[in-house]
Amino acid sequence: MNAMLLNAVPLASQVINLCAAIMLLLGFAMLAQRRVLTLINLFMLQGLVLFTSTLIVALSTHQNHLLWSAALTLLLKVIALPYILHRLIRRLSVKWDIETLLNIPTIMLIGIALVVVAFNVAQPISQLSGTITRATIGIALACVLLAFLMMITRSKAVPQVIAFLAMENGLFFAATSATYGMPMVVELGIALDVMVGMVILGVFFFQIRQQFDSLDIRHMETRREP
Amino acid sequence: MNFYALFAQLLELVVALVLAPILNGWINMCRAWLQNRSAPPLLQTYYTLSKLFHKDVLLAHNASTLFRAAPYIIFSCMALAAAIVPTLSTDLIFAPAADAIALVGLFALARVFIALAGMDVGTSFGSLGSRREMFIGFLAEPALLMVFFTASLISRSTSLSTIVETLAHREFVIYPSLAFAGVAFTMVSLAENARIPIDNPTTHLELTMIHEAMILEYSGRHLALIEWAASLKLFAYSCLGIALFFPFGIPEAADPLSLALAGATLILKLAVGGFVLALIETLSAKMRIFRAPEFLGTAFLLAVLAMLVHLLLETGQ
Amino acid sequence: MTELAFVLAIPLLSALLLALFGHHRGAPEINSAGSLATLVAAAALTVRVIGEGPLVLFDEQFFVDPLNVFLIALTALVGFTTSLFSRPYMRVEHDHGRLSVGRLRLYHSMFQMFMCTMLVALSTNNLGILWVAMEAATLTTVLLVALYRTPASLEAAWKYFILCGVGIAQALFGTILIYFAAERVLGPLGGALLWTHLDVVKGGLEPTVLSLAFVFLFVGYGTKTGLVPLHNWLPDAHAEGPTPVSAVLSGLLLNVALYAIIRCKVLVDGALGTHFAGNLMIAFGLLTVVVPSFYLSRQKDVKRLFGYSSIEHMGLITFAFGMGGPVASFAGLLHMTVHSLTKSAIFFAVGHAAQMAGTQMIDDIKGLLKRSPTIGWGLMLGTLAILGMPPFGVFTSEFMILTTAIKHYPWAAAILLTALGVAFAAMFHKVQGMVFGEPTVRPLAHNPALLPVFVHLGLVLMLGLWIPPYLAEWYRQAAKLIG
C-alpha cells in the first residue's frame, strides 16, 4: 500500500529525495573521514549533489531564479572553494591525517542520534510544506547538525572550516528544498559572505601557522581561563 | 498451495545445491581473469568436493560427537536457507516459514555450530578462528537485521515472499533507503562469507584467517560438506541480495514457463553478481582484523541510515 | 529617502577611500570626518522620522521606524566618538610599533565597513539581508580583532569566527524557516522575508514553524549578543582587539544582534499568541546576568573584565525584553542606550590607561588618578555608572527593570539583585585599585581624546536625571512596537 502511495510521487521528487539521502551519506562520510584531501573531495561532491538537486527543483518547478542559484552553487562550491582549499593545503603542505577528539565510532553514534533528533524536529514542518521536496527539510537539518558535530570534534583548523562550509551546504539545501530558494538578493549576499569568509580564513591559516607552527587549534588554548 | 508450489520448492533446493559450487567456481574464474592468471575450470569446486568425498575421514582423538555432527547440521542449515529464499518463484511451500528474522537465526545457528566445532578439538587455531568468527558475527548480525528491517518497513512484512512480491511488482520508484541498505548488505555479505576485506578465502596464513582456521581439523566428507555449505551460504546471500534489491523477474506463479524464465534470469543475475564480487575482491585489500569493527560499523550505520531515510523520505507523503 | 542613502553610503565610501588612502597620515581624520558625516545624516534621518513617521524605502528593502531609528542614531553617535578616540589611540599604537602602516589602513577601512554593515543590519526590512549584514559584520570584526596578529589575538579571532559562524548559521536556518512559513501566506512574490509584510500577516503564520524558527534565531543571534552559554568568544575578542574595536563591539554590535532578536520576537509573538519567546529570553537573560557576574572577580585583564560586564548587561536587556510590556521594553531600550554610551566611554578610558601602563593587567595598572586625573575620573565615573549608581541613566533603567521584575517575577528579581551585588563588589574593588594608589603608569606621548568619554558620561547622567520628552516619546513608540 505504501508502495502505491509512493507511485504518486513524481520522478523529479524521487531524484531529489535520492540527492537528499546522498547528502546525508556524505555528511556522515565527512564526519568519519581522516584525510584532509579526501575531506575536500567529499565537500566538493556534496556541492555537486546540491547543484544537481537545485537544478532539478529549478527545472521541474520552473523557478528561474533557482537556475541562477544552481549556477552559483556550481561555481562557488564545486569549483572555487575546493580549488582554494586544495591550493591552501598544497601551500601549507598539510597532508596529515586529522585527529578527532573522540573516536570515530562514538562520533558516528552521536551522529545517528542527531539525525533522529533532526527528523523529529522536522516532522511537523515537513507535513506543512507544499513543495515537492518537503520531506528533505529534515535531512537538511540533519546535515547542518552533522557538520556542527564535525566542527566541534575536529581539532585542526582546515577541517573546522570545511565543516563550516558543509554546514552552509546544509542550510542552502534547506532553503532550496523547503521553500524553492530564498530571494535572489539574499542568496547572492550569502554567497558573497561565504566567499569573503573563505578568503579571510585563507589569510588566517598562514598567520596561525606562522604564530603557532601548526594548524592545530589545541595549541591555541593558552588562554583557557574562564 | 498446490503441486506447483511443492515442485517449485523442490526445484529451488536442487538449483541451490547444484548452482552453489558453480557460483563459487565462477567467482574464482573471474578473479583469475581479473588478476591475469589462467583460470581454473568452472566446475573446479565439484572436482574438489568429489575428491574430498572419496577420502577417508580422519578424526582427532579427542573429537566429540558435536565435532562429527556439526558438518551435517551446518550443511542442512545452509541448504534450508538457500531453499527458502525466493529466487525462482514467490509461491513456495515453505513461504510461510521464509521469514527474514528466521533466516538470520538460521545463519546464526550454523555459525554457533561451526564455532563450537572449531573449538572442540582444542587446537589454538581453532579457538582463534572461532573467537574471530563470533566477533565478526556479533558485528554483522545487527547490520543484517537492520537491512531486513528497512526492506520490511517498505513492504510492511518480514516474510521474504511478501517483501519480494512488493518490491518486484511495482512501478519504477527510486528508494534511497534501499540503495543504502544494498550497500550495507553487500558489506555484511562480504564479512559473513569470509570474503576479502575481512577474510581471505584462499589463504591459510595463520595470522589472518578466520573461516579456514575453524575448519583446519576437518577432512574427507566432513570437509566436503562444510565447503559445500560455505558455497551454499554464499549462494543464499547472493540470492537474498537479488531478491531484496534486484527482484525484477521473480514470478509469483509457479508454472513451468515462468519457472524456466526465472531460472534464466537468476543465472544471469548470479553471473553478474559473481563478477562484481570478484571485482570487489580484486580491487580491495584485506584489512587488519582490528579494522573490521569499523567496516561493519559503517555497514550498520548505513543500514540505520537507510531505515531513517525511509521513515522520513518515503512515508507520510 | 536621501538621508538613509547617505547614512548607508557614507561609511561605505569612507571604507573604500580608506582602503586606498588609509596609510596616509591624515587617515584618522578622514575616518572621523566620515563618521561625522554619517552622524549628521543619521540625525537628519531621525528628524525626518520624528516628523513623518515610519519610512519604507528602496523597493521596500529598507525601512525606518521608531525602534531602529533610535539605534541608527546611537550607532552613528558612538561610531563618531569612537573614531575621535581612535585618532590618538592608534597613533600611540603606531609609535609603540605594535601596528604597521598597512595594518592602520586595514583598521580604518574595516572600521568604516563595520559601521556600514551595522547600519545596513539596522535599517533593512529584509530578514535575509539582516542575516547577510550580520555575517558581514562578523567578518569585518574578525579582521579587526586579529589586527595585532599576536598568537592571543589570532586565537581570539579564530574563536570568534568559529563560534559566531556556527551561531549565525543557526540564525540562517531560522530565517529560512520564517521564509518557509511566510511563503505559505504571502506567496513567493509577496516579499515573504520583508519584515513589514510579515508584521501584517504575523497572526496567520504557522505557530509550530515560527516557534522552531525563533529557537534557531535566538541561538544564532544570541551567540552574537554574547548570551550564556555561547558567550566564550566575547571576553577574548574584547581583550585582544584594539580598544576602539572593543568599544564598538560592546557598545554597538551587541545591540545590533539583540535588535535582530527583538524583531524576530515581534513576529513570533504575533504568530503564537503565547509568551514562548519571552520566556526563552527571560531564562537565558537571567542566566546571562548570573554567570558572568561570578566570573568578574577572577579576571586579571581589564578589558576582559569589562567584556564580562557587557555580557551581564546584555543578559539584563534580554531579560527586560523577555518580560515585555510598556515599562520593561522602555527600560530595555533605555538600558541599551545607556549601556552603549557608558561602556564605550569606559573602554576609551581603559584604552588610554592600558597605553599608559603598557599592559592590560589590572594588577600592573595603579594610580591613574595621580598621572592623569581625567582618565582616572573617567574610568571611575564610568564604572560607577555601569554598576548602576544613581544618578546615572543605568540606575534608572535597572530600577525600572527590577521593579517590573518584582511585580511579575519576584523570584527573578531576587536573583538579579544578588548578581548585580556580586558584580558591584567585584568590579568596584578592581577599578578602585587601578584608579587610586601609587602610580605605575607613564604619561602618554599624544594628547588623549577624553572629550568622548565625558560627552558619553554626560549623556548618561542626563538620561538618569531627565529624559527629553521627544526621546521618551520615541522610546514609548518603540516599546509599543516591541510589545
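In order of appearance the chains are A, B and C, and numbering begins at 1 in each one.
Basically, a residue touches a chain if its C-beta (ideal position, glycine included) is under 8 Å from a C-beta of that chain, and two chains touch if they have at least 3 such contacts.
Bear in mind that the values here come from a model prediction, so they are computed numbers and not experimental data.
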| item | value |
| --- | --- |
| Chain pair with the higher count of C-beta pairs in contact (A-B, A-C) | A-C |
| Remotest chain, chain A as reference, centres from CA atoms | B |
| Where chain B and chain C are represented by their mean Cα positions, the distance between them in whole Å | 66 |
| CA centroid of chain A to CA centroid of chain C, Å | 31 |
| Chain A-chain B separation of Cα centroids, rounded to whole Å | 37 |
| Partner chain C, residues of chain A touching it in the complex | 63, 121, 124-125, 128-130, 137, 141, 144, 148, 151, 157, 160, 164, 167-168, 171, 174-175, 178-180, 182-183, 185-186, 189-190, 192-193, 196-197, 200-201, 204, 207-208, 211-212, 217, 220-223, 225-226 |
| Interface residues, chain C side, partner chain A - complex | 61, 126, 128-129, 131-132, 135-136, 139, 142-143, 146, 149-152, 154-158, 161-162, 165-166, 169, 172-173, 175-177, 179-180, 183-184, 188, 193, 206, 208-209, 212, 236, 295, 298-299 |
| Chain B residues touching chain A - in the complex, by the definition given at the top | 154-156, 166, 170-171, 173-174, 176-177, 179-180, 293-294, 297-298, 301-302, 304-305, 308-309, 311-317 |
| In the complex, chain A residues that touch chain B | 1-3, 5-9, 11, 14-15, 17-18, 20-22, 24-25, 28, 32, 104-105, 108, 112, 115-116, 119, 122-123, 126-127, 135-136, 138-139 |
